[in-house]
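The data blocks that follow each hold one structure.
Same chain, two partners: chain A is paired with chain B first, then with chain C.
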Partner chain A sequence: MRLLDVKNLTVEIDTGSVFVKALDKVSLTVETGEIRALVGESGSGKSLIVRAIIGAIPDHWIITADRLTWKGQNLLTMSNEQRRIIMRREIAVVFQDPTSSLDPSATLRSQLEESIPEELLDKGMFWQRNKQRREIAIGLMHKVGIKNHEACMQRYPHEIAADIAQKFMIAMALVSEPELLIADDPTRSMESTTKNQILRLLSGLNETRKLAILFVSHDLLAISSMAHTMTVLYCGQTVESGKVKHLHRRPLHPYTKALLDSAPSFQINLPPKSHLVALPGTIPTLKHLPIGCRLGPRCPNARKECVKVPEQKMVHQHSYSCHFPLHSPVDDDLETKQ
Partner chain B sequence: MIPVLEVKNLIYTYRVRRSIFKPVDEFIVGPVDFVLNAGETLAVTGHNGSGKTLLARALVGAITPQQGSILLEGKKAEQSDKKTRNHNIRLILQHSKYSLNPAVTVGSVLGQTLLLNTELNEQERKTKIEQTLVKVGLLREHYYFYRHMLSDGQQQRVSLARAMILDPKVIVADEPFAALDPSVRSQTVNLILDIQQELGMAFVFISQNLGIVRHISDKVMIMDKGKVIEAGSSKTVFDDPQHEVTRKLIDSHFSLVDKHFEQF
Partner chain C sequence: MLNLLLRYINLMVLTIAILIIISFSLAYVFPGDTLTNISGIVPQSNEQRVALEAVFKLDRSIFVQFWYYIENLISGDWGVSSSSQISLLEEISIAFPATIELITYALLVSIFIGIPLGFIGGIWHHKPFDFGVVTFSVVSYSFPVFWLALIFITIFSLQLGYLPLSGRVNFLYDIPHSSGFILWDIMLADIPDKKDAFKDALRHLILPTASIALVTTAIFIRFTRRSIMDEMNKGYIDAAKSRGFTTKQIFFKHGLRNSLLPILPLMAMQISTLITNAMVVETIFSWPGIGNWIIQAIYQRDYPAIRIGMLVVSVFVVTLTITIEFISRAIDPARDKFQRGAV
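So, the complex of A and B:
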């Protein structure tokens, strides 16, 4: 079943004189039990998509979309109360910067215990509720890999390390047993052992509880080890999306290829201290967006036609928007059968 | 050949008393020993809170180690002799964004460094700054830019320019790529490799990204709780890690890489 369906989402930001399209016709779907990765560099609008889904966009920005639905319910037209109920129980979000998105004036214990829904406290009489709350909280802390829970629980957010705060955010998101977890850069500032632990936890939850995950990140190593499908974003435009396997084997868009090549871990035969593949230039700022395909000025095979925004084309669940794809798109499954 | 940088038995103890009733918290970094030749890169890696940043700060002289010595080209780098030390060992800080003064232009950020450390006059300073800006892949016009007008990658380049404007022997870089996006990161890695090859600088490079550590380093040092638990050439350490923690760190990185290749 299609849980989240976003089609042609456009967000326009008021810059004072003109409206700038920070997101330009972005499409994204998350199916039940799927791990979808949303890849993009900073400023590409990853976090803006997350904010549009959870409804944290300021009123004076313009959101238009062909579809923005959660299990068939339109998120854009529903009342705030309905939306809040969905956000409370069905969608959980791990925000980007953990230390600044936790309440600085409350201890971790009270924040975690507060976020446990009443429905989960069904055992025992009302005077046993607090004890039960505490047990659930401690269980969650252990689950995400915080071992000395006693020392952590009494602290305030500024007193703990960034990676522990990140794990704590994940614990808080998992407390309401959601159907979709939106994780905005959950493995930032973590060393590889901790990162592995978190990734294992997330893929474990995906397998055992059918938790769908929207994994927003630019850590390609983490993504390709756990995600099933992937959507690549550049400057607010969806560039390519499809199965991770297909994208790795046969990227159609030049940006996807450049992104995948930039990680030294993916290339076995790379001699040490040799040059890495990199696109020239940097990501344009919102005020100076190029017209047409936004990769245009940096693209190695840009031509005259690229001043027009390319249509999104779809070949066997692998969609791309480029006038000149790198390969002629063919069916991968067909090829392996032969 | 005399090594550019030699560190012998360096120990720094960090003491903090949170309240008069509580005992003093102690965190000891070291003893650290290593030898670095010109044109070589030493990568320091380890878990969060293992004392990597403290080691970087001790190397550049921002904190005074209690024991041990730092030899620069065979001569002892004294804490009091700031001039030669600042000239030859330069630091790139963790967050380049916050380490640049937002109220002054790039030109005067770099100019201050020259003003305090050299005898150049104004005209010479300006030429030197422009040369350095071009060297790190920026334009001469960036002299007049403020911090907020630059992108993340460009800010990182300004930090690099500030580190290398005095033509140092050693650059200590504390997580220089952590905040950068993949494509900009590759550009910066290429830039650092080029500069190292061209000028023969030695790099001490602190990072958690093992993919990049393996790619650019000659030697690796792994720290845990302030102690150096393993050190050696990066090929031997990555191929055959000895210590438990190192093995865990490297295995967990490569299990992700393996998972990636399993798909094919």
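So, the complex of A and C:
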């Protein structure tokens, strides 16, 4: 079943004088039980998509979409209260910076216990509630791999390490037993051991609980190891989207290819001392966005037609937005079978 | 925590020590006779002068004199006023509670009006109500207190005649002095027309309290509003929203506490402004408080009274400021971390 369905989401942000399309017709879906990776450079609007989904966009920014639905319910037209209930029980978010996402003046314990929905407590007497809350909290801490829960629960957010805080954030996200976990770059600025722990934790949750995960990151290595499908974002436009293995084997969009080539770990027979491939130039700033396909000025195959925004084309679960795809699009699955 | 407490006590003791040194040196710096400045008594004959100098150790070295001065301060022997020849401790214990009463009410009014208004303005910022709140705070912040007090008198006392012009309570009521706080004294007093006296005292309080409270309210509104706006934009509020908490829960459980923590010390710093304004307003409303008393002392060149009055007021301000600073430091968990060199 399609949990989250975003079609042609456009967010225009106020830069002081003019409105700029920070997201331009972004499309994204998350199915039940899949891990969808959302990849893009810094500043490509990954976090903005997350904020649009959870409804944390400032009121004066213009947000339009053909579809922004959660299980068929339109998120944009529903009342705040309905949306709040969906956020409370069905969608959970883990943010980039764990320590700033926690109330600095409350202990971790009180924050975790506050997040436990009332419905999860057994119908005991009210004086038993606190004990139940505590047990649920401790259970969650163990589940996410915080063994020393006593030392952690009494702490304030600034007193704990970033990786513990991130695990704690995941615990807080899991407390309401959500169906979709949006992880906004959860492993940013972490060294690889803790990063692997967190990635393993997320994959484990996906397998045991059928938890769908929208994994926002630019860490291609992590994505290729855990994600099922991925959506590549460049400068606020969706560039290509499909199954991870298909995108790896046969990227259709020049940007996807450049992105994959820039990670040497994927190229098995890379000769020593060869050039690391990278696109020339940098990602444009919001004030100087090129018209048409935003990759245009940096694209090796750009032609005259690229000043027009390419239509999104779809070939068997593999969609791309390019006038001149690198390969002739074929059915990837069919090819695998042959 | 003990470490913190010791640091603040150390700060307080040092500051008060410096204040005492300054007040002692005033006896020498003020024009006129040092003996009169320090004792308040004008010697009538040479014998009396010699005797007084011996009592105040003015014939000994300056360190002995200072030590004796501190001893006297602590034992409550603050000398006499050179104009009235009444003990200064007694005069201050009558005048100072009147001021404390006035600023307490002004502070309460500012807290109970300023903080909620600033809070609402910060939440609904750039909405009509917020513009109203900001306009109110800018306008009332721009009023000079002395002018405002005079305008209040002109309108409410002289033109409309609603409220009394000066004093703490009508002379008809004979309130025995016990604690120095007029409302409290009336409640304790054993007089037949207690209710009327209480009402009358309240009516006397309205104008001075309003003129002092208006500026402080404006400052509190601005502090609270800014702080709420800052806090509500922070990541943990977004995170709380994404967890699906109700708006009420977010405001009262997270936003309010975090935005009040940084402004508590700023509010403590307003106590000195409050006292300064109270002194001005007391003079205008003939309120028998410490400000009025010091101004009278200045008119009469009553140097001992000026010296002790300055010391008492500044010790009061310093003690209160440091205490609130300490409390706000103690209840804010995040303030305890090392601001620099954190890992």
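The rule is simple: the second predicted complex is superposed on the first by the 329 of 338 C-alpha atoms of A that agree within 3 Å, B and C clash if a C-alpha of one lies under 4 Å from a C-alpha of the other, contacts with A are read in each partner's own complex, and residues count from 1 in each chain.
Just so we're on the same page, a contact is a pair of C-beta atoms (placed from the backbone, for glycine too) under 8 Å apart; a residue touches a chain by one contact, two chains touch by 3 or more.
In this text the structure is predicted, and so the values were computed from the model without any measurement.
Engineer: Given the touch rule stated above, what does A:Gly55 touch, chain B (first), chain C (second), both, or neither?
Structural biologist: In the superposition, A:Gly55 contacts chain C only.
Engineer: For A:Leu233, decide between first (touching chain B), second (touching chain C), both and neither.
Structural biologist: A:Leu233 sits against neither chain B nor chain C.
Engineer: Considering only the touch criterion stated at the top, classify A:Thr282 as touching first (chain B), second (chain C), both, or neither.
Structural biologist: In the superposed model, A:Thr282 contacts chain B only, not chain C.
Engineer: Using the superposition on chain A described above, determine whether A:Ser192 touches chain B (first), chain C (second), both, or neither.
Structural biologist: first
Engineer: Where does A:Glu41 make contact in the superposed view: on chain B (first), on chain C (second), on both, or on neither?
Structural biologist: Touch status of A:Glu41: first partner only.
Engineer: In the superposed arrangement, which partner chain does A:Ser100 touch: chain B (first), chain C (second), both, or neither?
Structural biologist: Second partner only.
Engineer: Touching A:Ala171 in the superposition: chain B (first), chain C (second), both, neither?
Structural biologist: neither
Engineer: Identify which of chain B and chain C touches the larger number of residues of chain A.
Structural biologist: Larger number of chain A residues touched: B.
Engineer: Regarding the shared-chain residue A:Ala92, is it in contact with chain B (first), chain C (second), both, or neither?
Structural biologist: second
Engineer: Please write out, lowest number first, the residues of chain A touched by both chain B and chain C across the two complexes.
Structural biologist: none
Engineer: Which bits of chain B are touching chain A when the two form their complex?
Structural biologist: Within the complex, chain B contacts chain A at residues 46-49, 151-154, 178, 181-187, 189-190, 193, 208, 210-212, 214-216, 234, 248-249, 252-253, 255-257, 259-260, 263-264.
Engineer: Using the touch rule from the top, collect the residues of chain A that touch chain C in their complex.
Structural biologist: Residue list for chain A touching chain C: 51, 54-56, 84-89, 91-93, 95, 97, 100-106, 114-115, 156, 158-159, 172-173, 176.
Engineer: Quick check on the complex: what are the chain A residues that touch chain B?
Structural biologist: 41-42, 161-163, 189-196, 199, 218, 220-222, 224-226, 244-245, 248-249, 258-259, 262-266, 270, 272-273, 275-280, 282-283, 285
Engineer: Quick one: in the complex, what on chain C touches chain A?
Structural biologist: Going by the criterion above, the answer is residues 234-236, 238-246, 249, 253-254, 257-258, 261, 332-334, 337.
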